[in-house]
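Look for chain A in each of the two complexes below; its partner is chain B in the first and chain C in the second.
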Partner chain A sequence: MASSNISGKYTNFTVFFLPAIVLLGGLVVLPIFLDIAVAFTDMAQTLNVSGLTNMQFRKFFKPVEDSMLGFELRRSFLKALTLTATYVVLTLVIFNTTFGLVLALTTTALSERVGSFFRAIWLLPRMSPSVVYALLWSWTIDPTERGLLNQVAINIFGIGPINMKLHHPMMLIVISNGFIGASLGMIILTSAIRSIPKHLFYAAQADGAGPLSITWHIILPALRWPLSYITIFQTLALLVSFEYIFLIMGPARSTMTMAMLAYTKTLAPGVGAGLYAYGAAITMILIVIGIFLALLLWRLSNMQRLITEPRIEVQ
Partner chain B sequence: MTNAKFLSITIKKPNKVLKITSSLFIFLSFFVISQSLWAKEIKIKLWATADRSGPLRAGNILEAANTLNNMLAAANADERVKIELIETNSKGYDADALQLLKAHSVGKTPDIALAAHEWIGTFVEAGLAANLESHIKTNSTLYEDIIPQLWNSVKFKGDRYGIPQDSEVRMFFLNNDLMRKAGKSESFIASLPSQVNAGQFTMNDLCDLAAEVKNAGAAKYGIIHRPNVGPDFQMAMASFGIDLYNEDQAKLQITKTGLLAYYKWLKRCVDIGAIAGDMTTWSWDSVHAGFRGGEGFSKFHGVWNLGAQLKAFGMSPTDKEAYFKKITWINAPAGKKGGTPSNLSHPIVYIVTNGPHKDLAAILVALASQHVPNTKHAVGTNHTPINYGQAAMPDFVEKGWGLIAGVPLLKYAQFMPNHSKIGQYNAISYQGVQGVETGEMSPEEAVEFVIEEMEVELGDDVIILN
Partner chain C sequence: MARITLKNLKKAWLAESPAVDGINLELKEGELASILGPSGCGKSTTLLMLAGIYAPTSGEILFDGEIVNDVEARDRNVGIVFQSYALYPNMSVLNNILFPLRFKKLPKNVAEKEARNIAELVMIEDLLERRPSQLSGGQQQRVALARALVKKPNLLLLDEPLSNLDATLRLNMRSEIKRIQKELEVTTILVTHDQIEATTMADRIICMNKGKIIQLGSPEELYKKPVSKFVASFIGSPPMNLFEGQNDDGVIRAGALNFGMKGTTDKKNLICGLRPENINIAEQGIEGTIYTIEPLGREILYGLKTETGIIWFLESTSNAEYDIGNLVRINFDYQNTLVFDRDTEERLDSVHFYVE
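Right after this comes the complex of A and B.
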């Protein structure tokens, strides 16, 4: 009897977990190991590998005699790290969480039909093909008078041409990525708000609570876990995102984040790509940063509590 | 009557000898037919990017195969050539070359490939491109009319590893109407090309002229250039004495003083209004519209712009006189008085790989490079000819007048070095252009930054000269 229970457990484990394990192993774990392996080679355009080397990692530093360690981080990497941090924090804080929350709160406060309409509008950037979305941005912010933004600025407000790509590149990539990122937060948080039992709202209103009090004391506490999840998930997603940055800005110095740097060194067309080992080394740094941030945020948000078994078993 | 019964009545049982003979006959017939249909067909794999703007780059090889098959048929030869076209959808020739190298690394090497010439160094290092010296010498009559400078584009360590497929010339286009509007005389305008070639009109003079035309209100923009990494900047670098390639050592090289002079020129042009400081943030649409719309005084780009310019200016494709009344072509002027001007040619080339059909593939390339097929491609796509004789062909004389006008410029043509790291080299030096033009860096800072990047990223592949 006991042995059949054990074999049943193994069967269940195989049926339910094997596909997930295979997918996780093939699509996540294996690429990480491959990336690490390639990072310690000299693989470039010809794909030939002459042996193991740490030469790619040496490229991150330059020897400086005055420095305490005898070397320091190269300017381009320091800049890439700074830009990555700025881009991730601003997009996450302004759009992916705060704006997502504002959208969820406002659209759930409206009638069902009107709320759905506005949510559908905010989903458009996510649903549009990335190239189309980027092209619309490019047309809008073209620095000459041909751009939509400048047509409005010059003809309606009478102010000179605005060059977002030159003067506000970070703002541009934060807004363009944020419009897409906000929709994910909006959907998850809308769903979380709807799952709050209605009687709590009725009770609060009966006690004389206003909209702000209801938001502060009932809604926000219920959104703690979804917000934590969005923060962790979007931090990791933003850390490695480059698609819209490349499509809108190209390989510009002003928005050369770590993910962009890895892409331009390996696969980007027309900018001296094909340095696969170098790109893999940059990606490896990103993986290490990603793991560190995920663990840190996991700890800070106490996500462990979310997945622990409930103390009360409901039969 | 059932079928079985009918058969049993009508079909007589064949004897054993007849059975064996007929089986043998069928087998032999099948063997002979299959031999003639399949075994003597030699497949040549042709790698080409799907390029609507130049379909004959691949099409001329298909046509060459037809010609060769006609010759084989006339000689009663058993073999026939069949081209298997591997058409890729890569975004540009750089991405396509990387795809080709990946295919080669997993044994999917084609017999012929179309590529931008600067990839030849990498192809040779990867064991992909075949040395064509003996083929060219053996078949010299097929190649003797090729414009000699173009051979430089396919050389790696002194040997030729490709055949130029098309040629082009990149130079400065100047809008004469805007110069006239700014008060410049006809004789001044007419003298510019010769002044440039004599080294009397320098890069700084061009910058001053652009600023003068712009500041006089005749033009909205002075000098317009490409908004991204690309080979165009190389001719401006050459004007300031930067020799990008050391042929003896087969290494890239950069000269600090030349680079500083180049970046100082850019800074000066931006400061006096000749180049817009945000040029590197423009879209290609705006760059093209800036000059074709008649608002830009000058643009440095390639001769293939001619067709689009004629259309934009509302001119007939055959109206040479009206075009040159409006537009002047000049080489990139010398950096200093008395120096040598330069321009850039960036040919697309055929390479033949080290496969089993190397010789046959090379003959196909030779046939595709002859005057008639190449003229069809060149005239159709606004590329300069690869053979001298093409300039005298009726198609060229009638429709390719602009391209013929470009041939003398090839005398000053520079090519991108055939080195595997030239892409990175261009990307790094462009960062300096971007930094200086946007004001992020001073010319001195840009030089320091670019040299540091080159030293670390290109390592032994670049020689840094003072």
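Right after this comes the complex of A and C.
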């Protein structure tokens, strides 16, 4: 009886988990190992591998005898790291969390119909094909007088013409990615706000609280967990995102983040040099940074508690 | 502690079916009134209009003779206790109670002293550092009461405050709320669908149905002189026996049974009402067989199968007990009987019936 129970358990385990395990192994774990393996070779366009080497990493780090860690970062690599950090932090802080929160707060404060309308508008960038979205941006920020931005700048404010790509590249990629990223936060936070029992709002109103106090004392405490989730999720997503940067900026040095670097050195049409081992090495460093950040944020925000018990109190 | 007046108060989300349909009401200072009615009768809507959370569609709300329709909820100084208690989950009990005082700009030590006083009154002074999630239902309910009372409200609104408590606790809190209400002399409206809660706690009961006040009076008035079949069936536990009868020149024919009629009416179609507690086992009377038995402790509720259907009656446990299938006769005093017009469902004054 006992043994058939145990074998039954294994059968169930296999039936339910095998598809997931196969997918996870084939699509996530295997590519990571492949990436690590390739990173330690000299694989290039011809796909020939002549042996194991750490030459790719020497392009990022140069050995320095008297530095603390025994090596220093090369200038180009340091620049990619700095650009990545700037891009991730600015997009995350300004748009994905803060602006998402503002959208959620304002659209839930409006009437149902008007609120849904504005939320739908903010979902448009996410819904439209990325090429179309990038094209719209290209027209908007066209450096000549024909660009929408410049028409506004010249005709209304009497300044310009402005060349965003040349003079404010970071601002451009942060805003263009942020407009898309904010909608995820908006949706998650809107549903979190909606799940607050309405009697809490009534009680607070009767207790004398105005809109600001209600936001501060009732809504924000209820959003702590969804905000932690958005922060972790979007950090990882931004770290590896390059699609819109490439479509809008092309392989410009001013916005060459880590993910962009890996892409342009390998597969990017026209400019991709097919330096597969080099790209793999960059990707490997990105994976390490991603894992480190995820664990750090997980720890900082006590995410364990979020997934083990419901954090929204339903009464 | 205010005098509350409602004038022709109306709330209609949809024009054709108003939730509250023109109610008039006057509450004395320090009175405890209960709005009683089935779910959907408009009682909670009335309450939320009094609190200032819903704006009335038309009509007036007056506190101490002043119209407060346009006064915002936060400026009305009304305390509310909800069925769910609606405690702020991220704040300690003390901070929950202090929350309303934040907006009164009291010095911190004064506010804290008042919070502690009120906590003592509702007997939760040992729980002040806890979070709401660490409290039992009864304790949460006391915290909610303290939070509603700490600001010395003009009006205290209780929205089904006891519905989430178990039976013993409910009994306990009933008398507790009444004690606190009398001690603070705060005008209070208790909204409930539980007639026992209403009759035991309130000075006056406002019986509502379909957005209208059906009857307004003391618990005794509603019990003894209900204006309609609705009130009669809503008040009293176990509920009143109601059966249809036909007026045949001073004789009421109900099924195969005939009853004599006291008083006169020209209405033909009647409904007869008889409370289970007013029926006794007797030598002479309606004959029937015991159909169901429900022991209630001190009393037993019997269902008697008669020729006009099942009639429920209460017998004290100390009397002879009957078994299912026993043949018994029941009788009653005509003064305790009620007769309603079947078409309008209104009670016919001074019309009664008796066993011939």
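What to note about this one:
Operating definition for what follows: the second predicted complex is superposed on the first by the 285 of 315 C-alpha atoms of A that agree within 3 Å, B and C clash if a C-alpha of one lies under 4 Å from a C-alpha of the other, contacts with A are read in each partner's own complex, and residues count from 1 in each chain.
Basically, contacts are C-beta pairs under 8 Å (C-beta built on N, C-alpha and C of every residue); 3 or more make two chains touch, one makes a residue touch a chain.
As the structure is a prediction and not an experimental result, all values here were calculated from the model.
Legend: residue contacts after superposition of the two complexes on their common chain; A:9 is shown touching neither chain B nor chain C.
In the superposition on chain A, A:194 contacts neither chain B nor chain C. Of the two partner chains, neither chain B nor chain C is touched by A:299. In the superposition on chain A, A:250 makes contact with chain B only, while chain C stays out of contact range. In the superposition on chain A, A:165 makes contact with chain B only, while chain C stays out of contact range. In the superposed model, A:203 makes contact with chain C only, not with chain B. Looking at the shared chain after the overlay, A:62 reaches chain B, while chain C stays out of its contact range.
Legend: residue contacts after superposition of the two complexes on their common chain; A:270 is shown touching chain B, with no touch to chain C. Once the two structures are overlaid, the count of chain A residues touched is higher for B than for its counterpart among chain B and chain C. In the superposition on the C-alpha atoms of chain A, no part of chain A is touched by chain B in one complex and by chain C in the other. Residue ranges on chain B touching chain A, taken from their complex, read 90-92, 94-95, 97-98, 101-102, 105, 122, 125-126, 227-230, 277-278, 280-283, 285-286, 289-290, 420-428, 431, 434-435, 438, 440, 449, 452-453, 456-457. Of all the residues in chain A, the ones that touch chain C in their complex are 197, 199-200, 202-210, 213, 217-218, 221-222, 313, 315. Residues of chain A touching chain B in their complex: 44-48, 59, 62, 74-76, 138, 142-144, 146, 163, 165-166, 250-254, 264, 267, 269-275, 278. The residues of chain C lying in touch with chain A in their complex are 48, 51-53, 72-80, 82, 84-86, 88-91, 99-100, 102-104, 133, 147-148, 151.
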